Each structure stands twice: as structure tokens, then as C-alpha cells.
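The two complexes that follow have chain A in common; it is paired with chain B in the first and with chain C in the second.
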Partner chain A sequence: MTPQPQAAVGAPLTRVDARLKVTGQARYAADFDADGLVHAVVVDSGIGLGRITSVDTAAALALPGVLTVLTHLNAPRLPYGPNPGMATPPGERLHVLEDDRVRFHGQPVAVVVATTLETARHAARLVRVEYDAEPPSTDLSTATDDTPVTYERGDAERALRSADVRLELTYRTARQHHNAMEPHATVARWDDGRLTVWQKTQWIHGAQSELAAVFGLPEDAVRVVSPFVGGAFGNASRIWPQGVMASLAAREVGRPVKLVLSRRQLYFGTGYRPGYEYQVRLGSDGQGRLTAMTHVMRAETSRYETFQDDILSIGQMLYDVPAVTQDWRTVPLDVSTPTFMRGPGGATAAYAVESAMDELACELGLDPIELRLRNEPDRDPTSGLPFSTRRLRQCYATGARAFGWHPRDPKPRSTRDGDWLIGTGMATGAHPSWSVTSLAHVRLDADGTAVVQSATSDMGPGTYTVMTQVAADALGLPVSAVRFELGDSTMPPPVGHGGSMTTPSVGSAVQDGCAKLRREAVELAVKDEESPLFGAAADDVVVADGRLYVRDEPARGETYRSLLARSGRDRLEADGEYVPAGLPFSTHSYSVTFAEVAVDARLGLVRVRRMLGVYDVGRVINPKLAVSQAIGGMIGGIGQALLEHTVTDHRDGRIVNANLADYLVPVNADIPDLKAIYLEGEDDKVARIGAKGLGEVVHVGVAPALANAVFHATGRRIRELPITADALL
Partner chain B sequence: MTTESASRIPPPAEETAPSSDVTLTVNGKLHSLRVDNRTSLLDLLREHLGLTGSKTGCNAGACGACTVLVDGRRVNSCLTLAVRLEGAEVTTVEGLADGDELHPLQQAFIDLDAAQCGFCTPGQIMSGVGCIREGHTGSGEEIREWMSGNICRCGCYVNIVRAVGQTAGRI
Partner chain C sequence: MYPFTYTRVSGTREALAAGREGGRYIAGGTTLVDLMRESVERPGALVDISALPLHEVTVTEDGVLRIGALVRMADAAAHPDVRTAYPVISQALELSASAQLRNMATIGGNIMQRTRCTYFRDVTAPCNKREPGTGCAAREGVNRAHAILGTSDACVATHPSDVAVAFAALEANVHLLGPDGARTVPFADFLLRPGDTPRHEHALGQGELITAVEIPAHPRPLRSGYLKVRDRQSYEFALTSAAVALHIRDGVIREAKVATGGVGTVPWKLPAVEQHLIGERPSETLWTAAAEHAADGARPLAHNGFKVDLLKRTVERQLRIVGGDA
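After this line comes the complex of A and B, so read on.
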């Protein structure tokens, strides 16, 4: 078929849902109401490990308006059936209110249901729980680890022994909580044994299958609705206990229940980026050609599930190193299970590897970009496969020019501005470009407008807008004539909304459905004697602005509306499908981040002065939204590098800074002007649509760019995140 | 401003929780209500008046997602008890536009892509309106300082500062 004119794809269009968001009309989970709605509040355990010996709910139940208090003593046991499709970590998910065991501090031990939120909150404070407490093990640095996951190519030990330069370095990263602005929330309602939940989730059908498995229901007896997600960053990719508790409470009291976790409760049992210890050894020849790299990693996980993020890719594929070993151990602790957080694994590995590369560049007296260019592979050193596209050389050149990287005095502590020490740093990032089977549905109505559906999500990147653009071009309609709908399990299932997979996978499914529908309309027209297109070759017909016409004969054509009206059709429909081709290529998105920081020589304060990200992510569907995402990724990386740190009191496993006043995230005053450049181009090996995905990679490599800049400014190499003032004094 | 006597909310918790009568104006509409003394302005808006634009982000005054204007000043509605608002005029994000005509700051947020997930956006916009009224918009640095009570986890700060600055220059 003749390629469609591209009017919307690639254009910096405004978000189609922006008006709803600026007027307060966008409805997030907790904004939903239902007739007879009542409120639930969770009671958390006050110990970090042990058993519940008694629960006294009398005072809570005595409050007028309290409907029930559910605990392990009175809650019905739920089936908790297997749900292999959910791809939860090995182990068994937490069963809440099922037994007297406390596995981590803050584990839900009761849920109070009352007619008003105020009463439910008050009653939750009146529930008296007694425990038989044991000392929990929560310290990664002292606990025992699991059997390792290993990787090996070449003889790293021999290569290290004969290397001209050897470095052995250990880095540590703090546990980070996602702290999306929207707390986890569920509104649950039962109708004749069927469950509807308005629930914060990044994976509509994952939430549906999980609730069905937990309650022993067929999947179609559960409906999940989530039109807006108030940020998630990986944190809503699985169901946490509040979804189960809200549904259970609604069933028990026979009324719809709203359950919104408090900010504090989000730190207990709803996932986090695990803290890591990451030891790197590098071997290189005198010219900076890497000969060996070894990685030993230890990461937090819970005792009931073994969580693993993608910590291995960066160490394997970023550089052309002949000999590599990896030894990765999870460390089971008396904590809740970690989960994916933006740039999962990659952001941690890049901090260690890209800091180590900077240390090597210093050791060799080489420019950090030159060192990376000398180790740039031509094929994926892990698989031997060619890269689909890998334009890091272009990223380095573009970024160095735009940032003004050269000339740079490599000497640390060489630039000063009053009390401030000024330094620059850079780092590279990569993220695997995955795509997964996804479905969509397209309907074109007689009025010439289209509705496109797929049960994906939009946690902020702009799924609504991007899919509208893809559909508009594939159908040949103006953007204003296309409505994209998402967030309802009655819609066709796509991949979960994470891993930078949405645009490649769902976008390709949307494009497929729209192309099929357009093809059907064209076939209809060219076979219709009354159509101006009668007899034309279908392959020569394109559609733009709702009008079908012969490409080289633009006057010959007609609109969708006239075609449908004449043929007596009130609509055309098509199903879109995307199945990954599984081509033999190594597929990744790439980033290079540049940073300039100022460090107060006397106080150790670090201020970010400017940053630039340069990205190779294949086709960019909407450059305006892509730049916003990149800036957001950089800000997330500033948090990881300089501010964010979940602090646990190892005596009882309590998180001591479980609030937004003590867990520091970047605020407006922390952020200077940030810039992003996307290389033009596309990658047709990842997915039909040419996009490689960008939400993750914009976060990967930000923290080491900042850490390297801090070193350049101060001469102090801080090998632990976050880099706080006390470490620099 | 309309002066209709608005919906009378049934007393919560079966009359037993300490409660008070309060009359206040929300987005130009007068409400005479009996409220549980523990009810925050935020929960009054969200759970009783059906105005869910203001968001519960932390319920502790640390994130700004609940920011509204009370008598023209920006406040964290999660920390403001509803019973203290006798005679007050409250403006939420739902009351900012003039019919279909958006407030210039709302339009600037759209044009400059100052919202991603959108959850903090109502609070950002109400705080931005307050910031502009207070005159704390002399420079990007000043805006950044005076908008730092509103956290945006998606990281829209660069565009938020532009939107506030551009709007301040225009109104």
C-alpha cells in the first residue's frame, strides 16, 4: 500500500487530555464515587517481624458509623489462586488478613470500614493490636545472600592480571520509593458476584487477572477501570494489598468501598527501587581499550518474593569488553517486596559502570567521551547480534557540541565561581527496547470520526495523545476527528504500560487496526461504481483529512462520510494486532546525559546548574511530549543522585522518613533549565511503528553524569547515592 | 456570584461526632453545611461537595496537590479545617475558568505542556495563581522558590516555571 501522508506523527501537538487536567476534570481512582459509598482505612503493623497475639476492635466498633473491622481473626480466607500471566517475582505474593504473621514493618493487619472518612480514620487509631515481636533483619550490608545469577564471557581474571590499568571499586545506592503524586487507591463495588474496581494501575488486564485469581473468579467477572493514573514510574505495575482489601471490604459490608492509602502507607508494602551494593573491577590497556569487567551485585528483596530488575544488561552490552563476569545475589530481608522503578536495574547499573568509566578516564588521562568511543562495539558483545540501530557516536558528537563539552580542563577542582566549585560530567545509558503482543479496536462512524480503543494506560507520558496521532495518520483523519480511549478491561488487551513498551507495541497495534480499516474503506470505494474512485488501484489510494483520493490524481476522490452514507454503512470496524517479529537484532534505546554542577566549597551543597540529554530512541511520535518526558527523567535522576534515600531503623524495621517532608524529592527550586535533543530517525527492527521507547532510558545515566560532575568540581569521588552535603564536607 | 442556598449535607456519622454549622462560598456558590469538626477543607470538597479536582497527595501539607485559594490566598486545603471557614470564599481549580474561557494560567499549562500525569496540576495551577497575585514572579529563580511547595513527581518544573512566568507577564 502507498504510505499514508504523515501529518500528525512527528508533530509537537498539545496533549489531547490537557484541558481535562488543567480544569480538574480528569478522574483518578480516588475521584470515583458510587451510590452508598463507604470508606476503608488500613491499620499497619507496629513491629517489623513476629506474630499478632491479640486484636481488640471493641473501641473501634463502638464508634457510630463503623461498619466492620476486618482482621485475620474474622476475614474470610480468599483462594489466592495462581496467576502465571501476572509475571510476579518467584515466591508467593503477600496474603493480607489471612494469618497472624507479620513479615515487615507496616504490613496491613486490619482494615476499618465506616460511613465517613473521618470516622474510619479515627476508628483505625482505636484498633489495639498486641504482638510477639522478633528482631527483623533489614540491613543489606550484613545479611546473607541467595544463590547468585551469573554471567561469563572470556577469562576476566586472566585479562585483569595482564591489564595495564586495573580498578576495583564499590558503589552503593539507596533504596528509593517512587512517590508518585497519586497514592494507591481503589473504589470497589460488587454487583451480583461481579466485581468492578476503579483502581490505580499501569496494567489493566494484569489487575483484572490478579483480582480474579485472588477471589477465585473468572476473569470476565472482574472489571478494572482506570482512565487516568497520577504518575506511577513502575509502582502500579502489579496489584498491592489495598486492591484486595477494598474489594474484600466491599463484599463484606455489601456496599461500595473507597480505600486510599496514606502517603506514609505507600512506603510500606507497595514496592520500591531496591538498594544495591555494586562492585566493579575494570581492566584496560594503556590506550583505554577495556579488556575485562567484573560485576558483583547484591540487592534487597523480601523473604516471600525474589524480586529481580534488569541489572545485568548495562554491564554486558554497553561496551566492547572481551571478558565479563557478573555475579548477582538477592538478599532476602524482613521487608516488603521491591518493584520496578523508572530505569529498573539500568539506572542502578549505569551509576556503577558509568562512574567506573569516569574513574578509568581520569586514571588514563583520557577525555570521558574519547574513552567511551574507544570501547564502542560494532555488534552486541553479549549475543553477537547486529544492533538494530545504535547511534551513540552521534549522541556524543551532538551532545558535546550543544553542551559545550570541549574544551574541558580534566583536572578536578579546576574551575571556581566565588564559593562555588564548578564541574561537568557525562554518562551513557541504554535500555532494552522490548515490544509485546498488543491488541486494539478501531471504529469509524458515519460522521467521519473514529474511536480507537486499547486497554493501555497513560501515567503521564502522553499515551492518549500519541495513539491519537498514530491513528489519525493511519486513518487519514485530522487529530480532532479521532478519540483514543484506554483504561478499561472491557477493551482489547495490550502489553502492560511500562518498560517503554507502550508506544512501540500499542502504537503498532493501533496503526495496524487503522490501516486495516482504511484498506477496507478503500476497497469499498474502488469497487463502487458510484464512487469517483471506482476502478482505481487500491494501492494508489491514500486518505488525508477524511478524504480518500488517488495519490497522483488528488482531484479524484471522496470522503469517508460520503462513502459510508452511499453504501448505507453506519460504521466500519477493524481489530488491530501487533505481534513482535522477533528479528535477530540487538534492540536498545540510548542516552547520553551531560551535567554541570556547582558545589559550595564550604558547605558541601550541590546545585545542578544545567543538564542536557541526547537520545537515540527511534521515531519520536510527539517531540513536545518527548522533551517533557526527558526533562522528567533528568529530574528523577537528580533525585536519585542527590536527594532520595529511604532510611530504615534496623532495630525494628521501621522506615523513619516515610513522608514527603523527610524523604526528599526534587522541588522546583532544585531544577534549572534542562534541555533534551532527540536524534532524528526511526528503527523498523523493534516494532512496525519505528519507535524504540523512551520513558526509561531518559532516566538511565543521569545519576552518574551528576556524580561525575561532582567529582570534577571537587576532586571527591563519592561512591554512594545520594550524594549529600555531609559526604562532601 | 450566585447566592442560592446550596445542598444541605446530611450530618455525618449518625449525629454523634462533634459537628458544626458553617456557611462558605465555593467557586461562587454559597453552601450552608453541617460538617464533622474533623473534616478538612480538602475532604469537604472531595467527599462531600463532589469537587475532586483538588487532590490528596500527602494529607500533611508537604506536597501542595490540595492547594486552593481561600479569600484569595493559597492554602493547603488538607491542613485547613472546614469549620474554620465561616464566611470564607474558596476557589478551586473547578472554579478558575470563566465559563468555557480558561484562566490564562490554565491555558499556559496546556500550551507549554506543564502537566504530564496531571495529578499535581490543579494544585500547581492554584498555587501559580497565588504566586502571580503575590507578585513573586520577578525572575525564574523567584518563581522556582515560591512554587517549591508544590511537588511534581513527573518533573514538569521547567515548563511550570515558564507557564507561571508567561502568565504573570500577561495579566
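After this line comes the complex of A and C, so read on.
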């Protein structure tokens, strides 16, 4: 078929849902209502490990308006069937309110249901829970490991022994909570044994299959609705106990129940980026050619589930190192299970590896970019596969020029501005570009407008907008004539909205469905004697602005509207499908981040002055949204590098900064001039649409760029994140 | 949150009557409401005093500045008389909280705000300030943000206010009005160190109201300013801070007013530093030598030892910023 004119894809379209969001009309989970709705509030454990010895609910139940208090003493046991449809970690999910065990501080131990939120909150405070407490083990640095996951290529020990330069370095990263603006929220309603939930989720069908498994229902007896997500960063990829408790409470009281976690409760049992210890050893020859790299990693996980993120990729594929070993151990602690957080694993590994590379560059007296160029592989060193696209060389060159990297005095403390020491740093990032099977449905109505559906989510990157653009071009309609709908399990399923997979996967399914529908319309026209297109070759017909015409004879054509009206059809429909081709290529997105920081070494202050990210992500569907993503990724990296740290009191496992005053995320004042450059081009090996993922690679490598800049400014190598005043004094 | 009553009073007499019966005064509500949500504070009766006539900033002919207790932080910071006469007050206010909070919170409420100690704010943790006799979780717990000065075995929580540090430096007076009439308390006596009774934080009697904070006349010219050191550039409480005011005439420091925040259980006046400065000529070495006394008597805990040096450096830096490189 003739390629469609590209009008919408590549345009810096403003979010199609922007007006809804800024006028408060976008409905998030907690905004939904239902007839007879009542409210649930969770009571959290005040100990970190032990047993519940008694629960006194009398005072709570005595309050007018309180309908029930569910605890392990009276809550019905749920089936908790297996759920192969959802990638839950090995182990078994928390069966909330089913036994007297407290496994982590803040674990839900009761849920109160009342006719008003205020009553439920008051009653929750009146529930008296007594415990037999034990000392929990929550400190990664002192706890024992699980069996390791290992990787090996070449003989790293031998290569290290004969290396001209050897470094052995240990880095530590802090546990981080996602702190999305929207809290986890569920409105649950039962109708004749069927469950409907309005639920914050990044994975509509994952939520559906999980609730079905937990409650022992067929999947089609559960409907999940989630049209808007107020930020998630990976945290809404699975159903947390809160979603189960809301559904359970609704069933028990026979009325729809709303359960919204408080900001404080979001730190208890809803996942986080695990803290890591990451030891790297590097061996290199005198010219900076890496000969060996070993990685020993220890990560937090819970005792009931073994969470693993993608900590291994970066160490295996980023550089052309002949000998690599990896030894990765999870450490079971008396904590809740971690989960995916933007650039899961990669953002952690990149901090260690890219800091170590900077240390090696210093050791060798090489420019950090030059060191990376000397170790740039031609094929994926893990699999031996060719790269689909890997344009890091171009990222380095473009970035160095735009940032003004050269000339750079590599000597630490070489630039001063009053009380401030100025430094620059850079780091590389990569993130696997996966695509997965996805479905979409397309309908073109007689008025010439289209509705496209796929049960994906939009946690902020702009799925609504991007899919509208893809559909508009594939159908030959202006974007104003296309409406994209998502967030309902009655729609065709894609996979979860995460892993930077949505645009390549869902976009390709949308494009497929729209192309099929367009093709059907064209076939209809060229076979219709009354159409001006009668007899034209279908392959020569293109569609733009809702009008079908012969490419080389633009005057010959007609609109979708006239075609449908004449043929007596009130609509055309098509199903789009995308199945990854599984081509033998190594597919990743790439980033290079440059940072300039100012450090007041006397007062221990770090201030980011400017940052630049340069990205190789294949085709960019919407440059405005892509820049937005990059800014968000850099801000997240500033948080990871300088501010964010979930702090646990290891005496009793209490999280002591479970609020946004004490858990520091960057504020506007911390954010300087941030710039993003996306290399032009596409990658047709990852997905049909030509896009690689970009939502995570923009975050990977930000923290080490900042840490390297802090070193350049001060000569102090801080090997633990976040880099705070006390470390720099 | 617990049930409570809420009454809006329109006059001072009405307010005092309600206060005498155990009502808790509320104005901006930016601290109290948060603490009520967490059940840290459980007042049975709230008395909203926002309508009382305590909204004025005035300056007398002899230079005494009086800030009404209900003046909003934002308004006090922006007031021309405050800005020109006491940059240290304006700066301390503008480095506090967020713009939204400064538009709500009042001067009286600001100095009454309660500690940010996370154990105090977590009702599942022991805390002598919240529940006397339960112990102090912070002493042996996570205490990076806690006090190194004025602490006791019972409590190591900091007073979080910034502007209170400026008030302490400038030797302000707090005007009170109670059932037994009006009285004035020096700022140094208004906020109390924890000792054995960390629950008792201030000199207010039952039902007493703060009506104004008064800054006595200081000799002119007076250079002043506030420095706040913290990890995040906005919306964070101080790790350390320094309020400095210097009266320099004929090249000699005649008066020095210095206090620090983020390090003390109350805003911490530094008389030893002040004494070191008076009668001397500004110089780098003077700032360094004077600041050496800033942490005298500090008792650091496991995680806040860095504050000892940081405090000295903060004071040194702010002396230089205010006093000049000389």
C-alpha cells in the first residue's frame, strides 16, 4: 500500500486531555461515585514484626455510621488462586487480614467501613490492636542473602589479574518510593456476584485477572475501569492489598466501597524501588579498553516475595567487555515487597557502572566520553546479536557539542564561582526496548469521525495523545476527528502500561487496525461504480483529512462520509493486532545525560545548574510529549541523586519519613534549565511503528551524571545516594 | 481525626472566654489541622480567632516594630517597614514553608508551631512530648534532623520556625493577653527548653493569646540577614540556619545579634559569638573566630554530628554575608 501522508505523527501536539485535566474534569479512581457508596479506612500495624494478640473493635463499632470492622478474626478467607496473567514476583502475595502475623511495619491489620469518610477515619483511630512484637530485620547491610542469580562470560578473575588498571568500588542506593501525585484508590461495587472496580492501575487486564484470582471469579466477572492515572512510575503495575480490601469490604457490607490510601499509607505495602549495594570491579588496559567487569549486587526484598528488577542488562550490554561476571542476591527482610520504579534496575545499575566508568576515566586521565567510545561495542556483547539501532556515538557527539562539554579541565575543583565549586559530569544510559502483543479496536462512524480503543493506560506520558496521532495518520483523519479511549477491561487487551512498551506495542496495534479499516474503505470505494474512485487501484489510493483520493490524481476522490452515506453503512470497524516479529536483534533505547552542578563545599550544598539529555529512541511520535518525558526523567534522577531516601528505623522497621515534608522530592526551585535532544530517525526492528520506548531511558544515567559532576566540582567521590550535605562536609 | 467543635469568635473578650474554658486557638491552621489529621493533637474545641483585630504592622516614632499576631507570614515578609528595617525577618519568612502556606499561616501561629520530629508526629511511636513518660524514640533512633543544643534526656526535637530565630536574635518581646490582663514576655523566655517536661513548650497560660511580637529599637544602621541550609532549595525545614544583625559604626562592630535554627530545641541565641564580635573590626578571621563558639555546649546524637561543624560554618558564612568581606 502507498504510505499514508504523515501529518499528525511527529507533530508537537498538545495533550488531547489537557483541558480535562486542568479543569478538573478528568476522573481519577477516587473521583468515581456509586449509589449507596460508603467509605473504608485502613488501620496499619504499629509494629514491624510479630503477632496480633488482640483486637478491640467495640469503640469503633459503637460509632453511629460504622458498618463493619474487618480484621483477621472476622474477614472471610479468599481463594487467592494463581494468576499466571500477571507477573507477580516468585513467592506468594500478602493475604491481607487472613492471619495474625505482622510481616512489616504499617501492614494493614484492619479496615473500617462507615457511611462517611470522617466517621471511618475516626473509627479507625478507635480500633485497639495489641501485639506481641519481635525485632524485625530491615537493614540490607547486615542481613543475609538468598541464592544468587549469576551471569558469566569470559574469565573475569584472570583478566582482572592481568589488567593494567584495576578498580574495586562499592556503591549504595537508597530505597525510594514513587510518590505519584494520585494515591492508590479503589471504588468497588458488586452486582450479582460480578465485581466492578474503578481502580488506579497501569495494567487494566492485570488488575482484572488478579482480582479474579484473589476472589476466585472468572475473569469476565471482574471489570476494571481506569480512564486516568495521576502518575504511577511503575507503582500501579499490580493490585496492592488496598484494592483487595476495598473489594472485600464492598462484598461484606453489600454496598459500593471507596478506599483511598493516605499519603502516609502509600509508604506501607505498596512497593518501592529497593535499596541496593552494588560492588563493581573493573579491569582495563592502559588505553582504557575494558578487559573485565564484575558485579556483585544485593537488593532488598520481602520475606514473602522475591522481587527482581532488571539490574543485569546494563552490566552486560553497555560496554564491549570480554569478561563479565554478575552475582545478584536478593535479601529477604521484614519489609513489604518492592516493585518496579521508573528504569527498574537500570537506574540503579547505571549509577554504579557509570560512576565506576568515571572513576576509571580519572584513573587513566581520559575524557569520560573518550573512554566510553573506546568501549563501544559493534554487536551486543551478551547475545552476539546486531543492534537494531544503537547511536550512542552520535548521542555523545551531539551532546558534547550542545552542552559545551569540550574543552573541559578534568581536574577536580578546577572551576570556582564565589563560594561555589562548579563541575560537569556525564553518564550513559540504556533500557531494553521490548514490544509485546497488543490489540486495538477501530470504529469509523458515518459522520467521518473515529473511535479507537485499547485497554491501555495513560499514567502521564500522553498515551491518549500519541495514539490519537498514530490513528489519525493511519486513518487519514485530522486529530480532531479521532477519539482514543483506554482504561476499561471491556476493551481489547494490550499488556501493562510500563516497561516503555506502550507506544511501540499499542501504537503498532492501533496503526494496524486503522490501516485495515482504511483499506476496507478504499476497497469499498474502488469497487463502487458510483464512487469517483471506481476502478482505481486500491494501492494508489491514500486518505488525508477524511478524503480518499488517488495519490497522483488528487482531484479524484471522495470523503469517508460520502462513501459511508452512499453505501448505507453507519460505520466501519476493524480490529488491530500487533505481534512482535521477534527479529534477531538486540533492541534498546539509549541516553546520554550531561550535568553541571555547583557545590558549596563548606555548607555541603549541591545545586544543579543545567542538564542536557540526548536520546536515541527511534521515532518520536510527539516531540512535545517526548521533551516532557525527558524533563520528568531528569527530575526523577535529580531526586534519586540528591534527595530521595526512604528512611527506616531498624529498631522496629518503622519508616520515619512517610510524608512529603520529610521524604524529599525535588521542588521547582531545585530544577534548573533542562534540555532534551532526540536524534532523528526510526527503528523498524523493535516494532512496526518505528518507535523504541523512551519513558525510562530518560531516567537511566541521570543520577551518575550528577554524581560525576559532584566529583568533578569537589574531588569528593560520594558512593552512596542520595548525596546530601552530611556526606559532603 | 476525632470529633471537635469549631467556633468563630469576633472579639477579644469572646476569645478569652472560650480559651479559658479550654478552647484551642486556631488562625491559619497550617500546623494544627495537620496534627489533628494524624491525631497528634486532639483538641475538643477549636476557637477561630482570625477575626480579631491583630492584623497590623506598626512602627512607633522611636523605632519599635510591632507585628500583630494575626499578620500572615507573606504579609509580614512583604511589609515595607519590615523589609527595610529587618531584612533578617523578611528573609526568614520567605525561606519558610511554601507560598501557599505563607499566605495562610500567621506570625503568632508560626512561633507556636510544633516540632517536625517524625516520632512526635507518628502516634504509634513513643514520644515524651506527645505522651509524657513514654520515652524518646529519637534519641537512639533516626535523628539526623534533631537538635544538638538545649536537648534533654527526655527530648531532642528542634523548634522548626525560621522567623522565631530572627526574633530570638533581635531580642523580641511577645505581647500576651489573658484572663488576668496583658503582659509582655521576652522572646528568650517565651519558648521553653524541654528539660523533663517537653510537653510544655511555651510560657502561655491557660486561655492566653499572643497579640503581637515586638522588635525593640536597635541602633542604626543595622545590617541583617538570614541564611538557611537544607538539602532541598525550598519547602524544607533547616538543617542549620543563622540570623545575624550587626550595627557597625566607624568600622567597628558596636552591636551583634546572632541566633541559629535547626539545631536547638528552641531558637538558639549565641551570646558567646555576639560577645566575640562586639568592639572588633570586621574581618574574615573575626568571622571564623567568632563562629568557633557557635556550637558551644552541643551534644550531638548518632546521626546529627555533622551539624556541629555545619552550624559553625553557617554562622561564619552569614557573618561574612552580613558583615562584608571587609
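Heads up, the rule we're going with is that the second predicted complex is superposed on the first by the 729 of 729 C-alpha atoms of A that agree within 3 Å, B and C clash if a C-alpha of one lies under 4 Å from a C-alpha of the other, contacts with A are read in each partner's own complex, and residues count from 1 in each chain.
Going forward, a contact is a pair of C-beta atoms (placed from the backbone, for glycine too) under 8 Å apart; a residue touches a chain by one contact, two chains touch by 3 or more.
Worth saying up front: this structure is predicted, and the values here are computed from it rather than measured.
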item	value
If touched residues of chain A are counted for chain B and for chain C, the larger one	B
First (chain B), second (chain C), both or neither touched by A:D726	second
Which of chain B and chain C A:M426 touches, first, second, both or neither	neither
Which of chain B and chain C A:D649 touches, first, second, both or neither	second
First, second, both or neither for A:V599, with chain B first and chain C second	neither
Partner chain in contact with A:E118 - chain B first, chain C second, else both or neither	both
Which superposed partner A:I631 touches (first chain B, second chain C, both, neither)	first
Touching partner for A:P666 - first (chain B), second (chain C), both, neither	both
Which of chain B and chain C A:R607 touches, first, second, both or neither	second
Contacts of A:V479 with chain B and chain C, given as first, second, both or neither	neither
Residues of chain A that lie at the interface with chain B and also at the interface with chain C	118, 121-122, 659, 661, 666-669
Complex contact set, residues of chain C against chain A	1-3, 38-39, 116, 118-119, 121-122, 124-125, 137, 140-142, 144-145, 229, 231-237, 239, 306, 309-310, 313-314, 317
Chain A-touching residues of chain B, taken from the complex the two chains share	12-17, 36, 38-39, 43, 46-47, 50-60, 62-63, 65, 92-94, 96-97, 102, 106-107, 109-111, 113, 115-122, 125, 140, 143-145, 147-161
In the complex with chain C, residue positions of chain A that touch it	44, 46, 118, 121-122, 125, 264, 419, 602-605, 607, 642-643, 647, 649, 651, 654, 656-659, 661-662, 664, 666-670, 722, 724-726, 729
Residue numbers on chain A that touch chain B, as the complex places them	14-15, 17-28, 30-31, 33, 39, 63-65, 114-119, 121-122, 178-183, 228-233, 260, 262-263, 458-462, 624-625, 627-629, 631-636, 659-661, 665-669, 671, 673-674
